[in-house]
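As written, the chain order gives the labels A, B and C, with residue 1 at the start of each chain.
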Amino acid sequence: MNVKDLKVVNKSVVKIDSMSLALGKPSYVADFKPADTLYVKMLWSPHAHARIVSIDISAAEKMPGVKAVLYHGNVPRVAHCTAGQGYPEPSPYDTFMFDTKVRYVGDRVAAVAAETLEQAEAALKAIKVEYEVLKPVLSIDEAFAEGAPIIHDEPDATIPIPVPYEPLKNLVAHISMEVGSLDKGLAEADFQFDRTYETQYAQHTPIEAYVAQAYLDPRGRIVIVTSTQVPFHCRRIVAQCLQIPVQQIRVIKPRIGGGFGSKQEVLLEDVVAMLTLRTKRPVFWEFTREENFRTGRTRHPIRIRLRMGVKKDGRITAFGMEATSNTGAYGGHGLTVIGCCGSKVLPLYRADNIAFLGKVAYTNMPVSGAYRGFGATQAFFAAESLMDEMAEAIGMDPVEFRKLNHIRSGEGSPVFEALGEGKKGVPMTIGSCALADCIAIGAKEIDWSRRTPWRSKTGRYRRGLGMCCLMQGSSVPEVDMGAASIKMNEDGSFNLLIGATDLGTGSDTVLGQIAAEAIGTTIDKMIVYSSDTDFTPFDVGAYASSTTYLSGEAARKAGAKVKLQILNTAAEMLHLPVSELDTAEGWAFSQDGQHKLSFSEISLYSLYQKNQYQIMDTASHITHKSPPPFSAHYVEIEVDTWTGAVQVLNYVAAVDCGTAINPKLAEGQTEGGVLNGISYALTEEYLFNAKGKMINANLTDYHIFSMRDKPPIKAILVPSYEETGPYGAKSVSEICINGAMPAIANAIHNATGARLYTTPFTPEKVWRAIQAL
Amino acid sequence: MKNTRHLSFSVNGEAKEFLVAPDEKLLDLLRREGLTGTKHGCGTGSCGSCTVIMDGKTVYSCILYAFQAEGRAIETIEGVGDFDNPHPLQTALVEEGAVQCGFCIPGIVLSAKALLAEIPQPTDAELKVYMDGNLCRCTGYEKIEVALHKVIAAGSCGGAK
Amino acid sequence: MKLNEFIIPEDLKSAQSALEKLGEKGFAVAGGTSLHFLGIVEKTAVDISHLGLSGIQKQGGAYLIGATTSLGDLMKFKDQGWVLDQVALHTSTQQIRNISTLGGNIVRVFPWNDFPVALLALDATLYIEGVAEKAYSSDDYFNGQPIRLFQPGQLLTRVEVPVLKPGQGFGYHKEVRLHAGFSLMTAAAVITVKSGRIDGIRVAASAGIALPARLTLVEAALGGQAADAASLQQAVANGTAALAWKGKEGMSDEYAAHLGRVVLMDVLSAALLQAQGE
């Protein structure tokens, strides 16, 4: 396939929903609030760890405007997992709609639905709860300490697949692999390293907080309109929690105001659905920003110990990673995130001896979940920091050292097969890989040749250059599934119905482009409708960098099938063999140029004239590979060595995402991910009091960058062609968030000689590291 | 509602009367009036998705009491453009791919519009200062900046009211 | 924030009498942007934003600033001896600057408030008007929570800030994680240089210390000294030893003390440089 021949794909067509959003048209969950809706407020646990000894809702129930109060005494007790993933989930069923125990500050205690928000708030104050406060577990070390309080002591916490799960030890997951011998590899090395890195709590902070509403349709089915990345998993999990059939539930995802992984969870929908069933009224629930921080999902803090060995000539002899994560009070994404620390990072560099050990701890802290980058973010900080240290030890330029060792097309890694999601992985050979180009192009753009050793630098303000290399995946092979249906209309337009979930990324546009290309029409003829469990086919949802690669291929296949039907009808109309016909830009034509029919003529014929049928088809897709996108990131910074403050001056991200279906959107993904990565590296962190309560739960004290704070960011798309993806595409949106932390760490070292092992790189940490030199 | 009072101010050029509670915020008033283009993002004046223009200057409607708008002129995104006739800022943001989830975009449009009305040819530094109250988590602001520079260069909003 | 009632008075006099009548039950709202932090409940708001108390005028050797002048207007105002634009430029975001007022920033003071520090360094005069007008020096005004000086019905009406003269320099720094953040360390200084010596010095700090205050020991150590970096260094080292620095946002007190000294050196150096006409 020559990318140059493509008509719709690889073009920066305008994102199809963008004008309506720029005009402020009603689009998001809260814009569709029914007039007679009830409002939900939740009573949250003020304690990190406590047992509810008694709870009295009787006064609250009698408060003005109150229509229902839910608590553990009046809802079904169903152990489930809030994380939306494949089924059965590779995660513990450790959550209940309401429980008799609270496990973090911000855990659910009781919910009120009332006529107004004020009435619901007032009713919360009337709920009397007596707690037996338990000793909280506030760190990984405390979780695994001898005699630690047990966070999940309930007997009904189980895991639905056969993997290690030991709640009585606060152990959520435990995975390991070894290829060759780490000890042997270390022994063979000229230089050995043993380093430990530690990352912080951070949050996605989409500008739209979690929000959901539910109402009963005229036939009594529950309709849930929600800001979710996983509408189909949401439907399944709500059915499970309410103990009703999936048939009774319709989930609609309208436009959503960002997700980044946070909305891959069912945190509100079970409650609004239950309250709608109880009250027969529409029910609306929106998190405040504070609730979003305290109760919403976060990025796992992870402690990563690396043991690596390198020869003087630059060969890596041993690559050992021991990763221990803090999943907080519930373990939804514990196993999968820790697995990705290994599976998305270890394969990047060749090594004969590789070992991985992953452990996940329960604590009484905010719950970690899926977050763009998904474990690779934390592990790349560690690995790419150590790559620079190793390069320095052997006296090699960090770029040259990476060029020598990185994986290439045609190579595999034993890690792909060893690490899957709750089961073995899928063996894979790398197809497309333009990492070498990314490294070269990025180096040129930042002008890497200017880089001088840190020892040569003097003065208060010192500049430094840093870089790193990255890979990710595209879908979870042989687990994820996406589907698409396409239906033709009289005017030659098409309804593209997809389960895939556009969370602002532009996937509706991208999938529309792919389908249009496959059919042979233009993007303006595509009516894209996604994420409605009543009307669109199934899709696992927006996660694991799967939508473009996986759901895109489903859209391409469905388009190809519809094209065939169009050609068949055209052949019938023109009395020509199908083999002589083709489509382009909304026309079917004979290859000799003698005959042509508009899609509208064909559709009118098929619907009204003869042998009538609906031109329509559907296709599903699963993947057998998870082809990694690759990227090289470069950054220039300036350190104020007196205060330790780090300023990013310039950032370059060169990325190989295969064929960019929509280059501007792919750049936009990269630029956005990079800036999120920069603030994760420098300014974002949860601050806690001694009792485990987050104390900076607002958007002034939790620091994300504004336009005034941002450095220039240059995203460069470096083409490759992935044979297994739609028109050569791979994923793009997760990989970009992983680079800033290691690249900046390396740049700080290049500027000052200081090496940081804990994040974020606050001025005080940088200053102390400089003092310690 | 107790102590409700009448207020009058204009919204998108139209004189209006509202019945409000003393502590109702302008954002809640606008949204219950169906003007849902103004978003609720943080409730503390920190994210900018609730931005509206009051007498030519941007304010956070999530922390502004409705009574503070008495006698003033309020402009919301609904007053800025439509499909047939989008504002040059909206066109540029759409064309440059600056709209991802879109939740911040109405606020971005209004902040930029107020800036260009006040300073038709802002320097880059002025642009950043006037846009510093609108957070976007999707785009990294690159494409937004490109779009705004495009509009500034074209002079299509210079002195626009 | 629960408000019982609001009043939109026609003029200053009716605002004052409304507030006087309400007593404890009423309070003035200028921009209203800090009510969120004040936790005011069950009170009546009296809107003082359109009583004609806004605007900046240069009169003789001073700028007269109306108490309800927005921070945005302070930022846009430009003149030779005017420095408050530098302070406003670093306060919060444009939406906040557009509506929040100088008065609101300095009547109830938090450690992170930006203007008290600058006004202390500038030796401003603050005017509170009840039945009659009363003037306070910035030293008296900020010597404790300013709100203590206000009787019901009294409002801050204007602030007088001297025009900076040749031979004088101003330095200001607000340390933040990101532009819109609250201050972690604020310092401001005004230095007057005469014949190579420091003839006048006022320096104030906040955020890293409990409340905005002048650093009199630093001032004492600098007065009459040679106008050079060495004097500044020595004064900062000696004059800050007794201060109780507090770290914010996870920073240690030890680091706060270090940061405080760096920031002080920076503002003093900037002020000196300007005073020396550079």
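A few points about this structure:
By our rule, a contact is a pair of C-beta atoms (placed from the backbone, for glycine too) under 8 Å apart; a residue touches a chain by one contact, two chains touch by 3 or more.
In this text, all values refer to a predicted model and were calculated from it rather than measured experimentally.
Of the two chain pairs considered here, A-C and B-C, the higher C-beta contact count falls to B-C. Look at the CA centroids: the one farthest from the centroid of chain A belongs to C.
One simple way to say how far apart two chains are is to compare their mean CA positions; for chain B and chain C this gives 30 Å. Note: centroid distance chain A to chain C, computed from Cα atoms, is 44 Å.
Shared contact sites, meaning residues of chain C that touch two or more other chains, fall at 93, 179-180. In chain B, the positions touching at least two other chains are 44-46, 129, 131-133.
Each of residues 700, 704-706, 708-709 in chain A touches at least two other chains. Residues of chain B that touch chain C in their complex: 3, 5, 22-23, 44-46, 48, 51, 54, 57-60, 63-65, 67-68, 70-71, 111, 115, 129-133. Every residue of chain A that touches chain B in the complex is listed here, in rising order: 12, 14-15, 17-28, 30-31, 204-209, 255-260, 286, 288-289, 503-506, 662, 664-665, 667-668, 671-676, 698-700, 704-710, 713, 715. Contact residues on chain C toward chain B in their complex (touch as defined above): 1-6, 8, 29, 32-33, 35-36, 44-45, 47, 49-50, 72, 89, 92-96, 98-99, 179-180.
Within the complex formed with chain C, the chain A residues making contact are 642-643, 683, 685, 687, 696, 700-701, 703-706, 708-709, 762-764, 767-768. Of all residues in chain C, those touching chain A in their complex are 93, 175, 177-182, 247, 249-252, 255, 258-259, 262.
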